[in-house]
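Both of the next two complexes hold chain A, though its partner changes from chain B to chain C.
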Partner chain A sequence: MPAYVVRRLGHLLLVAAGVVVITFSMLHLIPGDPALVVAGEFASDESVKAVRARLGLDQPLHVQFARYVVNLVRLNLGESFRSNVPVRRELALSYPISAQLAVYSMLIAGVVGVPLGVIAAVRRGTLADLATMLVAMAGLSMPSFWLGLNLILIFAVRLGWLRALWSGALIDYLLPAITLATFSVALIARQTRSSMLEVLSQDYIRTARAKGLAARTVTYRHALLNALVPVITVIGLNFGYVLGGTVITESIFSMRGMGLLLVGSILDRDYPVVQAGILVLALNFAVINLAVDLLYAVIDPRIRYE
Partner chain B sequence: MLKRLARHRSAVVGLIVIGVLILAAIFAPVLAWHAPDIQNLPNRLAQPGSPGHVLGTDELGRDILSRLLYGARISLAIGIVVVLVAVGVGVPAGALAGYDSRYDAPIMRLTDLLLSFPGILLALVVVAVLGPGLRNAMLAVGIFSVPVFVRITRASVLSVRDLEYVHAARVAGSSDVRILFKHIMPNCLAPLLVQATFRVATSILTAASLSFIGLGAQPPSPEWGAMLATGRVNLYIAPHVTLYPGLAIFVTVLAFNLLGDGLRDLLDPRLGTTH
Partner chain C sequence: MTRLAKTWQWLLVVMATLGVVSGIWAPGDAGPALRDVIRVSVRTTVVGLDSKYETSSTVGAINSNVLESLVTIDYDGATIRPQLATEWKAESPTSWVFKLRPNVKFHDGTPFNAAAVKFGLERMADQDSSQRGDFSWLQSVQVVDDLTVRIRAKFPYAPMLSSLAFYEPYIVSPTAVQQMGTGFGQKPIGTGPFMYDTHIPRQKTVMIRNENYWGEKAKLARAEWLIVPEENTRLAALLSGELDLLTIIEPSIMQALATRPQYAVIRGPDDLVDRIGFNVKKKPFDDPRVRKAVIHGINRVQMLATIFGGVGVVFDPPLAPGIWGYDPPTMAKLSYPYDPQKARALLAEAGHPNGFRTTFTIINRPDHRQIGEVVQADLKQIGVDVQLRAFDFATVAQSTRQGDHDMYIIGTYGTGDPDRVFPEFESANFNVKNRNFWSDPEVDRLIAAQRSEIDPVKRLVLVRQAAAKIREAAPEFPLRWRRAVQAINKKVKGYRVHPQKWFLPNVTVEQ
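Moving on, here comes the complex of A and B:
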């Protein structure tokens, strides 16, 4: 186990290094002279030169990269072109919002998706199964922004139960979290159903039933625990979708999270914010993936990766 | 095989919807009563069912049904182009990685790196570099879809690479290229076809999302996601402006997902969900 943890940590570092290289390269991959792009098409020669110096673009590439990495280690993410506020401060404000949204969504997805899948599998072939799978299929195909707008329309405008305007209160996360969770609920329900069906057809389940154990015990203790391993894979992979999906969801509900910050920065070509935002989300994802992989090894002792 | 597909109910529903969409896209100029970009300001936000406008008009008085019909062209084109880009890059890379172990590690590390960007974020990176717009959004979603095809192709190639008949072909003097394309790749087609179908759905959804947040197709394009983005301003007084484009995206994506599920049940029994 410890060797496995060390190896996975090494892998995490590798991914992190790759992500850093990509975010560093972003500014250099822009077609044309990045300083000209940043300063604007009609900027004077002096202001282009000033931008070049400010961004360190006049230095050799390896010096620029070294400086970028050193700054990252010091958690110095530069300053926003738009506001001149340190990027770190902007992220400190927006990150908790996105993180909460992602966590609430995953909670909803797990708490709703797994039982739905279990019900569908246990009552396989019945109306309950068919209905669950139809709803799941619809959930997979639903554009989240459309769902979000409809939820606002129904619950905030028509029924007046919830506010449509974002204020940052806990209750304001409800509609966004449901919006973001829908796709994941569908995915998890489908995965739970098919892996439950597979486990339920195994010999040891028949043995457990033959022993006269209660159906409930067989379903939950014997089948579900074993069926959960692939479900956890899907939940882990899905965290990536949820992290990326916050970008869309925040736009729908005007939440001041990382997504809204990123989109605004991309439109305004505020590259320090874009680089830092993408870096933070990608590193988050890498850490979550590591956690999921380690969780596996704990749940299923057979898993010891080579 | 086609017969079995015809007996798969949800796949048939998906196929019919896709057929209707393709016809709508092809015959949009004939079917649409109005040009998609003709403004009629006195007749703004007309309700569905008003004279001459079955689905009403938007904030500039443009006929929503006509815009949806023209939008079908864009969405289907997005789905097809994105999958072509992803298959065009991903399949050769995956085949190379699976067939020749010298290329395996570098190609797979690069794939892992692409996969380390969560969800739609990789597409955002590409748009951030190249700038917003429909073409760049399509390219972005295409790059975002490449890793899936690399992995599937590699896995399928690996599973048949060392089988007897491949050795026999080599002994018979076939070149690597011939072995790969003539003998190995045909065996990988099934999972690729299934995945390509699902990816059309995902791509349409992702590209529409990009347009919705302002990074994809720009107004006045009748792209469905962009229509929703401009319509949301009047969400409270004219919900129909956002209702129909969203419904169009939903139905289209659903159709490709249903077809994908059907194809998977038929072609890839190991992954079947309907036992």
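Moving on, here comes the complex of A and C:
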């Protein structure tokens, strides 16, 4: 197992290197001059030139790349072109927001989605199954801007219980987390249901029932635990996706998460922020994948990593 | 009478008594209790706040509470009033002397004086300043004594005072700029009635009352500017009481608020004009008849009603009604009204009886897409096949600068001095302000002449001559002169719409 983890961490470095190269080249390939954005649309040619020199964009591409990599190795992410704020601070403002949002929405999604899937599987073909899957279908199809706005209208405007504008308090994460979780609940419920159905048809479940174990024990101890592996994959993938920034939800709730930061920075051609942001997100995704793989072994002792 | 009804009766009596008693015990002043904070929504992302680098109208409007210039513009968008200068006079066509306001201190305690003015103005003309183009006239700022400066221009420059008022050459604390370095842009230090407290880029900006302000102190202790990107969220937050003022609103919000008496939609002159330009380097727009045909082919009056909610004024190029020198007698009737028949005739005359194909470069955002679709549909009627090319701002800014475009949409000014608009028609400004790449030696001469003409009567003649020539050539045309439309909770008192400022010092908010 340790050898496996070390090997996977090595892969992580490769991923990082790939992301660095790809982000850098794509950013410099797309049209749009950061110096023009910084200097202003109507800035004189000499102003633009001065800004380009100040940002180091007048250097040949390979020099810029070398500079970026050297700084990166020293863990220096540079300063935002647009705000002149250290990129580290820009990320420190946005990352925790996205991370919290991801954790809360996945908690809600897991806590609601897994039991729903179990119920649907155990009562397969009944009204409960149908109702659960209908709800899941609705959750999958509901656009987040519609759901988010309606939650705001109900809970902030009509009832006055919660805020429409995110202000950083824990309670302010509730509505955006629900908005995001709705989609994931549906995914998780459906995944749980199908893998539960598969497990429930196995011989050892029949054996467990024949032994006279309580239905509850059979369902949760014997079936669910075995059915969880694919569910965890879905949760892990979804987690990475949510963490990567959910521009629409962030925008509706006015949260400056990774999504809005990255989209804004791409539009501004703020190279340092985009490069660092994407690198952080890619590493995050890779780490989550690793964690999910390791979790398999914890849940299912038959899985061993050499 | 039932027992329940009796209980209710008693309750009413008790409540009424309590009401009277609390009325007696309430403090003597009659007015409602006031809140000490106002919350204002901002639509576009605010990153930095230093006007040397940030030219967005949003940043300028927020800054107007914290930073001050020598002179400032009144609510009408035209009258220039003293701010940090108390009086001024022209010594010669290229030299002005300003007397400065005594006993003024910056928020960091640095005294405001002639040296600070010199520092602040020269900073705007720095090599890397985004405002450099607007201060290219500036020759020097000379410290005469502690409270007097002499400003010299490189050539006789009629709109000098307007430049100082409209382009926000804010006078900032020289010590703060030196000490804070690039951090200054996150917390500019000025002399205004508010001072910056915290600024979280892309999220919110908080300012607090400057207790040592030289003039009447701000009534509110605190103002919070929150970036709320989503239109519907802004509306919801206004309705839920989380926002008190929405600085820019769309027609949909105007409709939603029409039935809610607790809120008001307020209007005033705006500084912005939406216009469409032709790249005259490209065929067929080198032919003025084709340009005129296109303008005649677009129903601008209907566009104002349908997509701009009737907000604004349609006018002829090049000067908006809010600009000094605007010529009502000739402009009362549009020179280029919607007239598809005339458009087709002009096209035929220019050798395009069956129309032509062209592109229209827009920024990929809802308002531009709407405009693009209407232009596309209208021009189809006269046989012009328009392909929309929508990109993000950075791409559009670069490609129009390089002259890759055919038709494009861009903003310009709608109030103040005509010389804010004329650079768009000068050959010296190709690539920069002139993206039509249109020029005319006579217009170049007239623009230069009006710029240097100090006598307003003579200048007006030159301005109108230049405007008439530009109108005749039609290298671009306006869609509308905007009107500022904002929404407030009626608990907000004392707020007025200003074309360039979101000015809060006179504002109070009832509990």
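In this text, the second predicted complex is superposed on the first by the 267 of 306 C-alpha atoms of A that agree within 3 Å, B and C clash if a C-alpha of one lies under 4 Å from a C-alpha of the other, contacts with A are read in each partner's own complex, and residues count from 1 in each chain.
Throughout what follows, a contact is a pair of C-beta atoms (placed from the backbone, for glycine too) under 8 Å apart; a residue touches a chain by one contact, two chains touch by 3 or more.
Just so we're clear, the structure is a prediction, and the values are computed from it rather than from any experiment.
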item	value
Which of chain B and chain C A:241 touches, first, second, both or neither	first
First (chain B), second (chain C), both or neither touched by A:19	first
Touched partner set for A:45, first chain B, second chain C, both or neither	second
Partner chain in contact with A:130 - chain B first, chain C second, else both or neither	neither
Partner chain in contact with A:267 - chain B first, chain C second, else both or neither	both
Touching partner for A:31 - first (chain B), second (chain C), both, neither	both
Which of chain B and chain C A:194 touches, first, second, both or neither	first
Partner chain in contact with A:153 - chain B first, chain C second, else both or neither	both
Partner chain in contact with A:256 - chain B first, chain C second, else both or neither	second
Contact residues common to both interfaces of chain A (with chain B and with chain C)	30-31, 149, 152-153, 157, 251, 267
Residues of chain A touching chain B in the complex	15, 18-19, 22, 26, 29-31, 124, 133, 137-138, 140-146, 149-150, 152-153, 157, 190, 193-194, 197, 239-245, 247-248, 251, 262-263, 266-267, 271, 274, 278, 281-282, 284-286
Chain A contact footprint on chain B (complex, rising order)	10, 112-113, 116-121, 124-125, 127-130, 132, 201, 205, 208-209, 212-215, 225, 228, 232, 235-236, 239, 242-243, 245-247, 249-250, 253-254, 257-258, 261, 273, 275
List of chain A residues in touch with chain C within their complex	30-34, 36-47, 50-51, 54, 79-80, 82-85, 90, 93, 149, 152-153, 156-157, 160, 163-165, 251-254, 256, 260-261, 264, 267-269
Complex contact set, residues of chain C against chain A	45, 47-48, 53, 55, 127-130, 132-133, 136, 182-183, 185-186, 200-203, 226-230, 232-233, 236-237, 239-240, 242-243, 391-395, 397-399, 401, 431-433
